[in-house]
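One chain, chain A, appears in both complexes that follow, with chain B as partner in the first and chain C in the second.
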Partner chain A sequence: MIEPGGNEQPEAPPAKAQLALGLAQLQRAGGLVTPVITTLLAFAIGGVVVLAAGHDPLATYRAIFDGAGLNWFFPWVTGADRANAALNLQQTLIITTPLILTGLAVAFAFRCGMFNIGGQGQYMVGAIMSVWIGSSFAGMTGWLHILLTVVLAMLAGAAWAGIAGFLKATTGAHEVITTIMLNWIAYWGGSYLFGLGGPLQSDVRKFVPISSDVADGAKLPVFWGDPQLQGLHVGLFIAVAALVVFWVILSRTTLGYQVRAVGYNPEAARYGGISVARNYVVAMAISGTFAGLAGALDILGWQFRLSVGAVQVSQVGFIGIAVALLGRNTAVGTFFAALLFGALYTGTSTRSLDPSVFRPDLAGSLAQIIQGLVVLFVGADVLVLYVWNVRRKLRRGRVTPAPRPATGAGP
Partner chain B sequence: MSASGVPVRRAGLRSYGRPHAVGIAGIVLDALAVLVALPPLEARSLVVPAAVGFLGLACGVWALGGGETRLGWSVVAGATLAIPLGALATRSDLGDLETVFAWSALMAATLRFATPLVFAAIGGMFSERSGVVNIGLEGMMLTGAFFGIWGADVTGSWLGGLGVAMGAGGLLALLYALFAIQLRVDQIVGGTAINFLAVGVTGFLFVAVYGSAGTPAGISSIPDVSVHWIRHLPVAGGFLDRTIGQMNLMIWLALALVVLAWLVVFRTPVGLRLRSVGEHPRAADAVGISVYRTRYVAVTLSGVLAALGGAYLSIGYVHSFNPLMTGGRGFIALAALIFGKWNPLGALAAACLFGFSSALAQGLHVYSASGATLFQALPYVLTIIAVAGVIGRSIPPAAVGRPYIKQ
Partner chain C sequence: MRLIRPLSVVLVLVLALAAAGCGGGGGDKKSATSTQGVGPLRVGLVTDTGQLNDRGFNQLAYQGLLRAEKILGVKGRVLESPSPADYVPNLSTLARQGYDLVVAVGFDQAAAVAKAAAAFPNTRFAIIDVSQGDLQDKPKNVRGLVFREQEAGYLAGYAAALQIKSTPGPHVISTVGGEKQPPVDRYIAGYQAGAKAADPTIRLLNGYSQDWVDQAKCKELALSQIAAGSQVVFAVAGGCGLGVLDAAKEKKVWAVGVDADQGYLGRQVLTSALKKVDQAVFLTIQDVKDGTFVGGADSVFGLDKDGVGLGAFSKISKPSLPRVVAKVRRQIISGVIKNLPTTVS
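Let's look at the complex of A and B:
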C-alpha cells in the first residue's frame, strides 16, 4: 500500500501544490494519518477537560479502557478481573454492532455524494418495525420470525431513507434537510406509538409508556456470555457481514461503480449515461437498509422492547455520523471507528466505569465532547495536515524532503 | 410582506388577475370551513363546514383552470383537509372545544412557543444569507439555555444571564465559523460537530456545577411586560389584553428583532453586502467586500441570537435547565427559516405556525394524549412538503454551503 521513500522530487513545488501533494499522500496512506491524529487530538482535549474537572486524565482513560473491557485482550488479566473484562467487552461489542451499521448508512450515502443525517430516524423506524413484528406472531417458528422481522425492518429503513432520496431525485430537495425532518418525525412517531394509549403500547403494562416484549422465539441467540446478563448476540456477525456486503457492492458491482461515479461528479456521471436520479434513490435506500438492520439487531438482540424514553434518548444513528466520518467512509475504517465509539460509550457508562476514578455522570458528557471534537477535526484535513507538518518541522528542521514515516501498520 | 417578497411573479399577475383573486378567496374559504365549527361561531351542523369547504374547493378548481397551478392545488389540498377537520369539530363536545380553542390563551401560547424559534431562525437567516449553512443552531440554543441560567445564577441578574448566554453562544459560533470559513470544513459536518459538542459541554458543566439536584429554584428570570392599558382600546381591547397584556420581555424583543432584521437585510447597505456574499461571493469580493469578515460576523451573530432563544427557554419560560431541553427546537427553527424562505417576516410567520401547532398540541390532550404527541411531528412534515416544492418551493441563497477560497 505505502511505498516507503522512492519518489524523489527534483525541486520543491509551490506551497499550494505541496499541500495538495501532502493530501494526496495522506489518501494513499489509506487515509490513516488524519483519523489517528484526529482521535489523538480529541482525546488530548478531552484529557484537558478531565484535568479541569480535577481528575487524573491518564487514570481516567485507563478506567474507561478497562470499563470498555478492552483489557480482556491482555493475557496477564486473569481471574475475576478477566471475567469482569469479558462482561464489559460484551457490552462494548453489543454497542459496536449497531454503530457499524449506522456508520455504513452514512458512509454509503456519502459515496454517492449525499450526507445522510437521517441514520437515527432510519434506525428508529427499523427498531419500531422490529418491535411490532417481533412482538406479534407469537407462535411462529423462531428463525422464520427473526428473518421476517429483520427483512421488514430493513425495508422500513430503506423506505424511510428512500423518501429523502426520492425527493432529492425528483424535486432537488436537499437530503440534509429532509433527513433531519424525517428523524424528528420518527422521534415523535415512536413517542406516539409507545406512549400511553398509543397503538403499540403494551397491553400488559397499561400505565407504562412501553411496547410489548419481543416473542422469545424471535430473540437472537447469545454466543458469548450469559443471555440473562445481556450476553453478546450473533448480530455482531451480521454487522460484520454487512461490512463485507458494503465493500462488495461499492467495489465489485456495476451499481457500486455508478454510485461512486455519481458521488465523484454527478454531471460527468450523467454525461456518461448513468441515471443520477435513480442512483440517489437507490443509494439512500441501501443506506436506510443498513440503519434499519441496526434497529432490528438491537431490538432482537438485547433490547426486546422500546419505550418512549428509549426512543427519545437514542443516539445510535447520530454516533453513526461520527463513525462514518472517522472511518473515512470505508468498510475497514467504519469497523474500527465503530469499535472506538462503542468502547468509548461503554467505558464511560455508569455500569462500567470505576466511580472512584471519575464520576460516571460526568463521563457520559465527556464521551459526547470527544465525539464532537472528533467530528470537528476529522473534516479539517487542512488543520490536521498543518499540525502534522509543524510536528515534522519541529523534529527535523528544514532538511531535504524525507520519506513520510508510515505511522502504524495499515489494517 | 409584499415589499420584501418575491417580485418575480408580479409581471404575470395582471393577466391572471381573476383566477388569482379567486384562489385567494378559496384559501379564505378553506380556513373558514374549519373556523365556523369552532368558537365563537360553533356551527353544530355538518352541512355548514362542508358547504363552505366545497365552495373553497370550487374556487381552487377555478384557479387551476385559470392557470394558477400552485395556488390552485394549495386551495384544493387545503379544502380536502378543512372539510373533515370542520366536520370533526361539529361532532366534538362543546365544552372541550371551548377549552382547546380559547383563542386568547391559544394565541398567547403560540407566541410563547414561537419566541425561541424566532430568535434562532433569525440567527440562522443571517448565517445562511452570508452563505454558511448553520445546522448547529440546536447546539447554540442549548448552550444559550445553560449559560443563560448559569449566568443569571452567578451574577444574580437575568441581564447577566442573557449576557453570558450571548457570549457563550457567540463563542461557540465563532469556533464553528473558524472551521467552516477558514478551514473549509464541510458545513454540515461542522454543524453536526457543534451539536455534539454543545450536548457534551452543557451536560458536563450542568452535572459538574449543579449535580443531580438540578438548577436551584429562585434564579433571577426574565420579567414580563404588562401592557394592560391595551384593554381600553375599542372592540378588541379585552381580547388583546388577555393575549398580549402580560407577555415576557423576550417575546417583545423577538418581534422587534424580526422588524430590525428585515430592515437591516433588505433596506441597508450592510444587508445588501450580506446578501451579495451569500449569492455570489466572487463578485462581492471583486467589488471589495470582505467575504470572510462578513461571514464571520454573520455566523457569530447567529450564535448570539440562537443563544438568546435558548436563554429565553431556561430563564424566561421553564425557569430551570435540563440536558437536551431544547428538544429539537433548533431544527424547527431551521425549518422555520426554510419555510419562511430565508426572509425574517416569513420566518416569523413560520415560527408562529409551528408555535401554533405546539400550542394546539397541548390543548389536544383533552381529546387524545397520544394523538397530541403525534401532532408534534407536524412542523417537520410541513417542512418536507415545503422543501419538496409542492406548495411554493423554497430556494436557498445561491452560495449557501460552499466554502469560499480567496484568490
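Let's look at the complex of A and C:
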C-alpha cells in the first residue's frame, strides 16, 4: 500500500498541488501507519505514567501482555503457563467479540458520514431483547431459540438506531444528539425493566434487581475452555463473519456504494440520483444491527442475565467508538483495534497484575489512561501526518518546503 | 455443547495435572483443603461492579479483610470486577491459585459463585448478603453471610421511643422502606417492636418509597409522615433514604440512618442501624483460620457476634441513651428478649 516515496512525481508541479498529492499518498500510507504510531505513542506516554508512579513500565506492559493471554501465541510458553495463558486469552476474546461488533456499528455509520454515538444504547436494547426472548420459551429447540433471540436482538438494535436515522432523514435532527438521548432511554429502560417489581425482573430471585436466566438451550456453545467457567463461546466466529459482511456490503454492493457516496459528499450523491434520506435510515439501521448482535452474543454467550447494575456499568458501546476510530472504519482495522482494547481490558484486570508489582487500583486506571490517549491521538492523526510529511521533506533535502509566494499574502 | 463438554473436562484435567506437577507459578504448594499448612492463610475478595470505594458493602468487606490481615496475619488479595464478565474469571482464578477462602460481595455474583463452587469443590467460598440456600444446587462449600437486621432495628426503635418519651402530646414514630422485601422488613419489624417495648402507647407509621435511588421520593414520604406527627423517621431505603435524613433536618425532627453510620450527615441523625459486613468478613476468615468454617449453610450475624448494631448517637440526644440501649443489647444477646418479629403486617 505504501507508495514508493513519490519517485514518479514530475519535477515541478505547483507547490500547492504537490502538497495535496503528497498528503493524499500519505493518507493512504497513513491508513496503516497512523494507527500504529498512535497506539505506540499512547503506550509510550502510558509508560511515563507508570514510571512516574514508581514502577517499571516494561515489566508492567509484559504483565499486561501475559495477563491478556497473548503469550499463548508463543510456542515456547508451556505447561501451567500455557494453560493460564489459554484462560486469559479466552477472556480477552470474550471481550473482543462485542467490541468488534460495536466497533462496526460506529464504523458503518461513519462511512455514511454519520457519527453514531448510540452504540451503547443499541447494544443494550439488543441485550435486553436477548434476555427477554432467551429467558422465555424454555422448551424451544436450542438452535431455533438462539436464532430467534439473535434475530430479534438485531432487529431491536436496528430499530433503535433507525430512530436516529429516521429523525436525521426527515427533520435533520443531528444523530449525535439523538443517539446520545437514545442511549439514556435504553439505560433507564433497562434499569426499570430489571429493577425490583419491573416487568422483566426474576420471579425466582424476588428481592434483588436482576432478570431471569437465559434458558440452557439458548446458550451459545463453548468451543474453547470450560463451559461452566465462562469459556470462549462461538459468538467470536459470528463477530468475525460480521466483519466480512461489513466489508461485502460496503465494497461489493450497490447499497454500500450509495452509503459511501453519501458519506463522501451528500450533495454530490443527491445530484447523482442517490436518496440521501433513505441511506441515512438504512445505514443507521445496519449500524444498530451490528450493535444489537453484540448484545445478543454477550447475553447468550456468557452473561445469561442482566441486573440493574450490569445495565448501568456497561461501556461496550462507548469503547466501540474508540475501536472504530483506531480501526479507521475498516473491517480489518476494527478487528485489530477490538483485539487491542479487549486485551487491554483483560490484561489490566486486577487478577492479571501481581499486586506486589502493580497496585490493583492503579492497574485499572492505567488501562483507562491508555484508552484515553489512544482516542486523543486518533483525533490528532492529522498531526502525525504533518510530522511525517515534514520529516520526508527534510530527508529530500528541501529544508524550506514552501517559500510561500506573495500571491496568498496580500489582503 | 454436549460434544464440547468432554473436551473441556480433558482440558481441566490437564490443567489440574499441570498445576499439580509444576506447583504453580507462585511457589505456594499447599493444597486448597489444608488450613494449618505452611505459610499464612490466603484470602481472596472479589468485589461486585460497585468497585472498592463504593462506601458500601465492597468497602466494608475490604475493611474486614484488612483487619484480618492485621490481626490474624492472613494474606489478602482483592480482585475488582469492573464488569460482570470478571466475576467467574476472578473467582476461579483465586480458587485455581489455591486460596483458602474466597469471599464474594453481593447478589450480582450469586450465579458466578454457584458455578465456581461447583467447579472447585475443595475451595471455600463465602458470599455476602446472599443465603446459601438461594444458590443454584446449594453448593456444600459455600457459606452465605446474612444478617439479623431486626436486632439492630429493635435497638434503634427502643432508642427512638426513649428519646421522645418525655415530649408532650401523642408519640409517633415512622419508617420509610425502599421496597417491601425481607431485609427491609426485618429492620422495620425490629424497629417497631423495640419502640413498643419502650413505650407501649407509641403510634407507628410505615411506608415504602418503591425506590432505592431517588431521594425526592423518600423525602416526600418522610415529610408526609412528619406532618402526621412522626418524631423519629427510620430510613431503610439505601440512597433514597438520604432524602429522609434531609426531611428530618428540615422539619427539626429525628432520623435514624441505615447500614453504615450516617451520623456525619447531621445532628438530626439520632443513631444508625448498622449491618457490619466488615465484621462478618473478619469472623468468617477467623473461622477458616480456626478450622471451624463449615460450608453448605448460612452464618447469621446478629448482635451476639457484633454483626449488627447501632452507630454513634447524636450529640444532642439524651445522654442516658447509650447506657439503656447497652442494657437492652445485653438482654437480646442473653436471650431475655427473644423472638423478635421479622415481618411487618
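Everything that follows uses one rule, which is that the second predicted complex is superposed on the first by the 364 of 411 C-alpha atoms of A that agree within 3 Å, B and C clash if a C-alpha of one lies under 4 Å from a C-alpha of the other, contacts with A are read in each partner's own complex, and residues count from 1 in each chain.
In this text, a residue touches a chain if its C-beta (ideal position, glycine included) is under 8 Å from a C-beta of that chain, and two chains touch if they have at least 3 such contacts.
If you're wondering where the values come from, they're calculated on a predicted model, not measured in any experiment.
Participant: Between chain B (first) and chain C (second), which does A:D226 come into contact with in this model arrangement: first, second, both, or neither?
Facilitator: A:D226 contacts chain C only, not chain B.
Participant: Where does A:L325 make contact in the superposed view: on chain B (first), on chain C (second), on both, or on neither?
Facilitator: Only chain B; A:L325 stays clear of chain C.
Participant: Touch test for A:G372: chain B only (first), chain C only (second), both, or neither?
Facilitator: first
Participant: A:G197 contacts which: chain B (first), chain C (second), both, neither?
Facilitator: So A:G197 meets both chain B and chain C here.
Participant: Pick one for A:A80: touches chain B only (first), chain C only (second), both, or neither.
Facilitator: second
Participant: So, does A:P355 touch the first partner chain B, the second partner chain C, both, or neither?
Facilitator: second
Participant: Quick check for you: in the superposed arrangement, does A:W247 touch first (chain B), second (chain C), both or neither?
Facilitator: neither
Participant: Once the complexes are superposed, what residues of chain A are shared between the chain B interface and the chain C interface?
Facilitator: Comparing the two interfaces on chain A, one with chain B and one with chain C, the shared residues are 196-197, 313, 361, 364.
Participant: Which bits of chain A are touching chain B when the two form their complex?
Facilitator: Chain A reaches chain B through residues 49, 53, 115, 117, 163, 167, 171-174, 176-178, 180-182, 184-185, 187-189, 191-192, 195-199, 313, 318, 321-322, 325, 359, 361-362, 364-373, 375-376, 378-380, 382-383.
Participant: Can you tell me which positions in chain A touch chain C when the two form their complex?
Facilitator: By the definition above, chain A touches chain C via 79-81, 83-84, 87, 91, 94-95, 196-197, 205-208, 210, 213, 219, 221-223, 225-231, 302-305, 307, 309-310, 313-315, 349-351, 355, 360-361, 364.
Participant: Any idea which chain B residues touch chain A in the complex?
Facilitator: Residue list for chain B touching chain A: 133, 135, 179, 183-186, 188-190, 192-201, 203-204, 207-208, 212, 324, 328, 331, 334-335, 338, 368-371, 373-374, 376-377, 380-381, 383-384, 387-389, 393, 396.
Participant: Within their complex, state which residues of chain C touch chain A.
Facilitator: Residue list for chain C touching chain A: 1, 4-5, 8, 11-12, 14-15, 18-19, 21-22, 24-25, 48-50, 52, 77-80, 82-86, 88-90, 92-94, 107-108, 110-111, 115-116, 118-119, 134, 178-179, 181-183, 210, 212.
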